[in-house]
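Two complexes come next, and they have one chain in common, chain A, joined by chain B in the first and chain C in the second.
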Partner chain A sequence: MSGADILLQPGVLPRLLQGLWVTVWIAAVSVGACIPVGLLVGWLMTLRNPVVRFLMRIYLDFIRIMPQLALLFLAYYGFARWFDWNLDATGACVLVFILWGGAELGDLVRGALQSIPEIQSESAYVLGLSDWQSFVHVILPQALRRLLPASVNLATRIVKTTSLAVLLGVVEVIKVGQQIIDANRFQYPNGTLWIYGVIFFMYFIVCWPLSIVARRLEKRWAND
Partner chain B sequence: MTEQNGDAAALSVRHLAKQYANANKRVLDDVSFEVPKGRVLVVVGPSGSGKSTLLRAIAGLEPIQGGDIALGGEVIETGRPGSEKAGRSARSSELRTRIGMVFQSYDLFPNKTVLGNIMMAPVLVLGRDKAEVEREAIELLKRVGLADRKDAWPHELSGGQRQRIAICRALILHPEVLLFDEITAALDPEMVREVLDVMIGLARAGQTMVIVTHEMRFARAIADEVMLLEDGRIIERCDDPERFFTQPETERARQFLRTFEFERAGHDKP
Partner chain C sequence: MTISFKPFKAIVAASAALIMGASLAACGPSAGTPSDSASGSSSSAKAKARTLDEIKESGELKVAVFSDKAPFGYIDKDGKNAGYDVYFAQRLAKDLGVEVKYTSVDPAARVDVLTSNKVDVVLANFTVTDERAQKVDFAKPYMKVALGVVSPEDAPITDVSQLDGKTLIIAKGTTAETWFEKNAPNVKLQKYDQYADAYNALLDGRGDAFSTDNTEVLAWAKSNKGFTVGITKLGDEDTIAPAVQKGNKELLDFINDEIVKLGEEDFFHKDYEETLEPVYGNEANPDDIVVEGGEVDD
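Up next, the complex of A and B:
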């Protein structure tokens, strides 16, 4: 019997799609919540207040230095013990990805905001715009343009990193794949490659459009 | 033109002192002058003399540590000792619209079209009617010969076109004083002329202006008064530009003007 037949077993593809849905859900919620967090963190990082800057520095460095897996375990096991806050595995994943994505996006936002030449806000000031009007109508739109390609890349990274959720026992697409492989070990000994092949394809389908969007925007905004 | 403060100069600067943080020398030291309504003051001087800083201080971009600045007789800025790190002036938006400024580096907003750039401040700051502002913007664009580029984006324009748009963007607020900070210094020679012509047109129309420039022939053509600045001090002031450029009073001015003259370079015979 060929390994590819495993895919035709009743329930295999629907179960993989269900797993994919969990992956996409975790990624989408995390990315969605990252955006306001990242904008806020990025804005805070540009402030001159030394206390705010210091706190943001610690936040960013802590998140960057810790492996995402360690963060996941901290959130899943640590929170329950220290704060008596029993997060379920999916919740812990979403929380960690928001904190991680928020820090990374925040740093991108900071870089983008600081890359806008001073003369832009000076022109806005001389024209009488308030600080807020200058931020909303002049600085932020320009920063977002510079930010978009890199932040789409970050979104792809978040989608891929959701696979770590397996280790907390979340039944997302990889876990489903493992379960199917285990259950059919004797019947389809060559099924492994096919299942992981399908999973590869699913990740590709989710991430590829993001890459295309990023490349398009990069090209369109290259000339200014 | 309505004359509220009949005798008051459009702009007067008195005993202006400016110092940067961590510097023990003043960039502007006891600078005083007046620009009567409808007149053009040209400020010249070697680089680092404080010309740009002077304009930036008038526009509120730099805190001043002494003296004051008045607009139409009304004091809008008073120097405060120890304010080196204070950042931009806290003057009101309305007050800022009364002084226009065009910078050396291209400063159009790249995220807005030509019309978007020009219309932004009158609509956002003064709350004027959009359609009416657009009509006026197009009139201004016609004046500088760029009406056909109203929907273009800044990156599609040449340096000279951008500077002419920047002038329109300042003009639409009807500023009482317009400041120009070496606005042709970064332009290719062929583009300098089109920008300078626009400024000469403004001078004819009675716009009060303070111009910092290195174009001495242009200065001679447009100035009602010339001021030579060095090391933050006024070296010479002259309300007769012809005289300043041919027979300046001070030795320093003669020396400065000579740096713009060239003698025929003869070749040594081999």
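Up next, the complex of A and C:
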């Protein structure tokens, strides 16, 4: 029996798709929620207030230095033990990915905002725009354009990092794959490669459109 | 042609720093998994286990099982939990008058899911050891097991001494890991988080042999041609029992009573026939594996 037949078993593909849905759900909620967090953090980072800057620095460095896996274990097991705050596995993942994505995106936003030359806001001021107006209508639109490539990269990284959720017992696409491989290891000893192949393809299908959209937007905005 | 030595020196310096860093990390106090080291601080556990009444009220018993370790705990073709442990979990819940809610665990996470109150009971082929008994409370056993070593037929390992200097594949957090670290320091251990990955490593020839519970390797070797279980009984005979959070006496007593009561109707032999016999066939004697009423006779 060829290993590829494992994919034709009833239930295999629907179950993998269900697992993919869990992956996409975690990633989509995390990415969606870390956009406002990131914008806020990025803006806070550009403030002159030393206390705010210091706090943001600590937040960013802490998240950046800790491996995501350690953060996941802290949120899942640590919170329950120290604060009796019992997050379920999916909740812990979403929380960690929002904090992580928020920190990374925040730094990108800060970089993009600071890369806009001072003269832009000075010109806006001369034209009689308030600080807020100049931020919303002059600085932000230019910054967003510079932000796009790196943030799409961040989004695909979040999608791929959801595979760590397995270690907290979340049954997402990789875990479903392992369960199928294990349940069929007697009938289809060669099924492993095919299942992982399909999973690879699924991740590709999720991440690729992101790249396409990003490239389109970049091209369109370049001609504005 | 002139060669500037500056970048070369920088590279040497950088790699020296890297190596020093790596060796520092290697002799750190704990080479265990993050979850292993985290469980050391479980004495100050705040996450209190649920009482029997709370479980009944919620209508579901939260059980941690394996989802990739057939025939003990796995997901069948319809996507449902099945296996020897699951069969028992269903009966426990039925006698409590509640439904089962399964959580899938990895071997190394079995202590942590209890100390952090993620589940009420662990029924995941959990071997009773002194070390684990300090962190969780074990009920009466329902199965017994020793270690086995499976290796390729053309290079069989029939004695531990043959493993000297060779690579042995093991799954993290299992009794095999502890036994080999303590009793066979010359064996190079290659550790995996998941059973599925460990088997694949053996199939790919990334190690010379794979060791875990004898029941598991026997079942696997039977259906994988070219592999044989050269060592069927290694180490002490261990028992497998349900585990609850330390101090959760109410639930522990309930499970103990239940195991004694089920012994009278030979429940675990029936469990064996339903879940294990189709896999082992005549290779194994049920009385070598099943424990009835929590009584190990030896």
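Quick notes on this structure:
Simple rule for what comes next: the second predicted complex is superposed on the first by the 216 of 224 C-alpha atoms of A that agree within 3 Å, B and C clash if a C-alpha of one lies under 4 Å from a C-alpha of the other, contacts with A are read in each partner's own complex, and residues count from 1 in each chain.
To be clear about the criterion, a residue touches a chain if its C-beta (ideal position, glycine included) is under 8 Å from a C-beta of that chain, and two chains touch if they have at least 3 such contacts.
Here the structure is a predicted model, which means the values were calculated and not measured.
Of the two partners chain B and chain C, it is C that touches the larger number of chain A residues.
Once the two complexes are overlaid on the shared chain, A:Pro189 sits against chain C while remaining clear of chain B.
In the superposition on chain A, contact is made by A:Gln142 with chain B only, not with chain C. By the touch criterion defined above, A:Gln133 reaches chain B but does not reach chain C. By the touch criterion defined above, A:Tyr125 reaches chain B but does not reach chain C. Once the two complexes are laid over each other on the shared chain, residue contacts for A:Gln179 go to chain C alone; chain B is not touched.
Judged by the touch definition given at the top, the superposed model places A:Phe73 against chain C, while chain B stays out of reach.
Within the complex formed with chain A, the chain B residues making contact are 59-61, 88, 93-94, 96-97, 99-101, 103, 105, 107, 109-111, 120-121, 124-126, 153-155, 169-170, 173. Residue ranges on chain C touching chain A, taken from their complex, read 34-35, 38, 41-42, 44-48, 64, 67-70, 74-79, 103-106, 109, 112-113, 115-118, 193-197, 199-200, 203, 220, 223-224. Across the complex, chain A meets chain B through its residues 117, 119-120, 122-130, 133, 137-138, 141-142, 145, 223-224.
Across the interface of their complex, chain C is touched by residues 9-11, 15, 69-70, 73, 76-78, 80-84, 86, 89, 167-169, 171, 175, 178-183, 185-186, 189, 192 of chain A.
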